[in-house]
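In what follows, a single structure is set out as structure tokens and then discussed.
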Amino acid sequence: MARTFKGGVHPHDYKELSKDRPIEDAPAPDVVFVSLRQHIGAPSKPVVKPGDEVKKGQLIAEPGGFVSAACHSPVSGKVKSIKPRPHMMGTPVDAIEIENDGREEWAEECNVPADWEKLSVDELKKKIAAAGIVGLGGATFPTHVKLSPPPDKKIDAAILNGVECEPYLTADHRLMLEQPDRVLEGFRIIQRILGGVKGYIGIEANKPDAYMLMKEKAMKYPDIEVVMLPVKYPQGAEKQLIKAILDREVPSGGLPMDVGCVVQNVGTAAAVYDACARNVPLIERIMTVTGDGVERPANYRIRIGQMLTPILERSGLKEGVRKLIFGGPMMGLAQAGPDIPLAKGNSGVVAMMEAPLFEPRMCIRCSRCVDHCPMGLEPSVLSLLSEARRYLEMAEHDVLDCIECGVCTYICPARRPIVQQIKIGKQKVLEARKKK
Amino acid sequence: MSVFQTLKKGVFENNPVLVLLIGLCPTLATTTSVKNALGMGLATLFVLTMSNVVISMFSRFFPKKIRIPCFIVVIASFVTIVKMIMDAYAPPEINDALGIFIPLIVVNCIILGRAEAFASKNGVLASLFDGLGSGLGFMLALVVLAFFRELLGAGAIFDIPIHTSLKPITMFILAPGAFVALGSILGFVAWRRLRREERECAEAAGKYRAELIITSKNKPE
Amino acid sequence: METVVVGVVILGLLGLLFGFGLAMAGKVFAVDVDPRVEKLLDVLPGANCGACGNPGCSGFAEGLVEGRCDLNDCPVCSPEARKAAAEILGVEVGETERRIAVVHCRRETVPPRFEYHGVKDCAAAQIVYGGFTTCRYGCLGLGTCVEACPFGAMYMGEDGLPHIIEDKCTGCGNCVRACPRGVISLAPVSRDVHVLCNSKHPGKYTRDCCTHGCIGCKRCEKTCKHGAITVTDFLATIDYDKCVNCGECVEVCPTGAIGDVSLLRDRKPARERYAATAAQEG
Amino acid sequence: MSGTEAFIIFFNVLLINNFVLAKFLGLCPFFGVSKRTGDALSMGAAVVFVMFMASLVTAFINWFFLLGHPGNLFYRAMGGDPAAYDMTFLYTIVYILVIAVLVQLVEMALMKLSPPIYRALGIYLPLITTNCAILGVALLNNDFAVEASGFWVYLAKCLIQGLGAGIGFTIAMLLMSGIRERLEYIPVPKPFRGIPISFIVAGIMALAFMGFASMI
């Protein structure tokens, strides 16, 4: 049942670069910088001081509020300092620097297998919160908050997002191929927490091997259905996935729980399994290092807080790389330099040899962006309003509903930087609302 | 402000049509030919000057609350006088061309505008020259617009046809041409103002020399 | 002869009828609009520029009458207009000196951290990775302030910095609000000594960014006899009410971050003028 | 006065000889108030009302006081030759007085009944008095008096023309405000921003309205 959403584009997905590369361990770091702002919500508060000895998996920062997440040490070693460090969003952010003593010594109650089926829903949620798990698809929204919707919102479906529609990235694909059980068990825990709701696993048609494997593994669970989705960007976006699988539309300004469902990434499900079944907090994740700027594209299991430079050297970073993007080319963030500590939200790094520059020209009203916008907005009008600095009028054209998927900028024949113009508009509209 | 300056101001800086954008109705309607424009311009000039003078003379007697109706009565009477003179002496084809627009002088925003803004607050002589200034400014704008419209629309200047191979664009005689012509003239005026501003900025930029800023490291002489 | 009589009768009748009608209507629809609002409208500049935060001058006039707004909110008002408005409102207005915009930055001397090819707007550049300049508080030079100035009083100089044409600037503050990094602020016209830096970075970082940045060494704060300078998080700020243009701080600032722009405004340096007046009094 | 005749008058003034785009009447408020559709609508409504009332009152005054024909009240009262009572030279002054009073009434009523509309119109309410369109419609109504068979036919024609002109004005205002709201964020060349581009757009609209010319 090939169902899809309105709009969207078909960029060349360049996955062949790293699709067949099995997951390999990243080189063990000698120093780690665990940033305190790796998630949506209040930054976490450190519970350790410089000079403390920490074990692997030990809590080093507690959540700074309800919508926040805990942080754990990916290595055993000594806390050196808590100082602002470079951050992928640009302005430096406090990070806990831990020197790795190489003993890989786990904290006491960590890495102890447990039977999650005996635990109650609250205990499961507490474990997930304690493990500091956030959405690994890129949004990094704290998972325990997402899995406890307010009572008035009735949830009747859970969706596992294995689409990974962003070009170049193959982390989720490899995760599903090499550790399907971890993903499946994690998803069953999520289903149980949400009240034994029906589960759907969405996988794009460009990953047939992963689809077949997951379908076969999910045979024994009747309430899990694996859905093959046609290849189209941004199929992996929350609202588009819900539209394709459940044929429900999230209202403007609303959340998935308003239409009774919760969407989680396959990486998050795997992390949930680690937390509940192995008592292992979120200290590792799968990340793709790819692009024509690296000799040997690969999928690494990296430690949260590890520096990127050694990993790039291991993958053979070429001379004269013009662009380095955290995430994919459509929604990723171009970086000014490689020496940035990795965080929970990094699903991939793309190095590009040339970055074509275009001089944006006048909007010719061809309305391609309107046809292809998956949220049904009018990017051309938003772009013109932003260019004329009439930011508050953008709110009337639902600028806040934009998911910044990059389709309009990709499709625009006049090469206008529409997503950046929309981002300014969003910021100004939110500022004005805060002031009121 | 010297009298001459009020006059110059009325024509250039505060030109009612090109700068203040008032009195647009007669401007577009009567500028199909330079002759009509002159007729309209003179009529308005007369009414404007005379009503300015009379209003400034009697402005003290008009009660503040209903000063607008009083102004209108004064203006209307002068317009009626002009209408009668035009009916009697003006050449018939001008009278037909201007037709309804002579009585409409009374509602011409320029006259009421000048009366309200200037005449009711200033002396007789100043008002006279202000009326003259605005009136001349109005006429100048009318004639300029009429010149272009007639040249482009009817291929003639002051009713003397120019024999060229080019066929005249009759649109300029009709309604759309009037809008486009005045729009372009206003665009030209705005362009000139922007260029003057740019020149001022360039001149200021030229004068600016960063090393003139005195700091502990950069002491003058 | 009848035409004259009839004419007079008609106009007389109409005048009476309408006069009476209007008087009656005046009673029925009586609405007590504060007469001061109209008087204020004649005095106010009528530019409707919104600098006072109200929808145009009529909104501002109502605000004044209701006491919501203060006369000094309207920067575009000429001093005479302000005095006249004060009389109408029957309120006393302090003599506030005309204020103009000042740019607190002289461009960093190190190359930017990355090439920025996005929207040519400072607010846009600020969103991308915190701005392309090494100093996070310095001027981005993309001209959003020049665009925001309704009086055409600003232009971009060759050195990539906005410059202000003093006589055109009315101090409406649009440029101050437009700048995402707060590089521009308003200062009284007579003050010539300004801190030409906006960097709140620690001293060492500022030194790496540009040679003339304020490193927060507090020397100016110590030497200022009038307590006009305070250094908060590595940046000196001048309190223009206390500053008397003596120019001492300019001498003592090690990096030359504090500058005296008198020569630019065709005036003798501030130190000389102050010394001269001091000599007279002394 | 057959139905088709009424329709012809109405349609003629509504679209063919639209007051703004063909006859150039009422341009000051047309360009002044058409920045936002809300203001344009309220201005249009006010103009329709004042035009209708103006046509009504001026029709009465014209028929019974000014025209030198048997219907003239003075002739009825004082006898003699009806032509002697022809006061048509008073058109301008009488009509403008009527309009000024009407606008004053509308202003007071609006100030009392709905202050928001009053504030939205602001300066443009008194400007209606000097709005050429309203005096224009009153003066154009006079032509009906010549061949009108009776007063009621004359009055009906005046009212239809008044209404048609008002609605025609409002249509032009709404069209213009719709376009001008979009023009605000289109990068028009700098010297043409604001009023000049609005003139050129009005010119193109006038071109379009000329399409109605041969309809009747």
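Residue numbering begins at 1 within each chain, and the chains themselves are lettered A, B, C and D in the order written.
Convention: a contact is a pair of C-beta atoms (placed from the backbone, for glycine too) under 8 Å apart; a residue touches a chain by one contact, two chains touch by 3 or more.
Just so you know, these numbers come straight off a predicted model, no measurement behind them.
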| item | value |
| --- | --- |
| Centrality ranking, top chain (CA atoms only) | C |
| Whole-Å separation of chain centres (CA-atom averages), chain A against chain C | 45 |
| Separation of chain A from chain D, taking each centre as the mean of its C-alpha atoms, in whole Å | 63 |
| Distance from the mean Cα position of chain C to that of chain B, given in whole angstrom | 35 |
| Residue numbers of chain B (touch at least two other chains) | none |
| Residue numbers of chain D (touch at least two other chains) | 90, 93, 97, 101, 104 |
| Of all residues in chain C, the ones touching two or more other chains | 22 |
| Overall pattern in which the protein chains touch one another (line/ring/star/complete/other) | other |
| Interface residues, chain A side, partner chain C - complex | 89-91, 333-337, 357, 386-387, 389, 417, 420-421, 423-424, 427-428 |
| Contact footprint of chain D on chain C as seen in their complex | 2-3, 6-7, 9-11, 14-15, 18, 21-22, 25-26, 29-31, 33, 58 |
| List of chain B residues in touch with chain C within their complex | 66, 197, 200-202, 204-205, 208-210, 212-218, 220 |
| Footprint of chain C on chain D - complex, ascending | 61, 65-66, 74, 78, 80, 84-87, 90, 93-94, 97-98, 101, 104-105, 108-109, 111-112, 119, 122 |
| Chain A contact footprint on chain C (complex, rising order) | 113-114, 117-119, 121, 123-124, 127-131, 136, 147-148 |
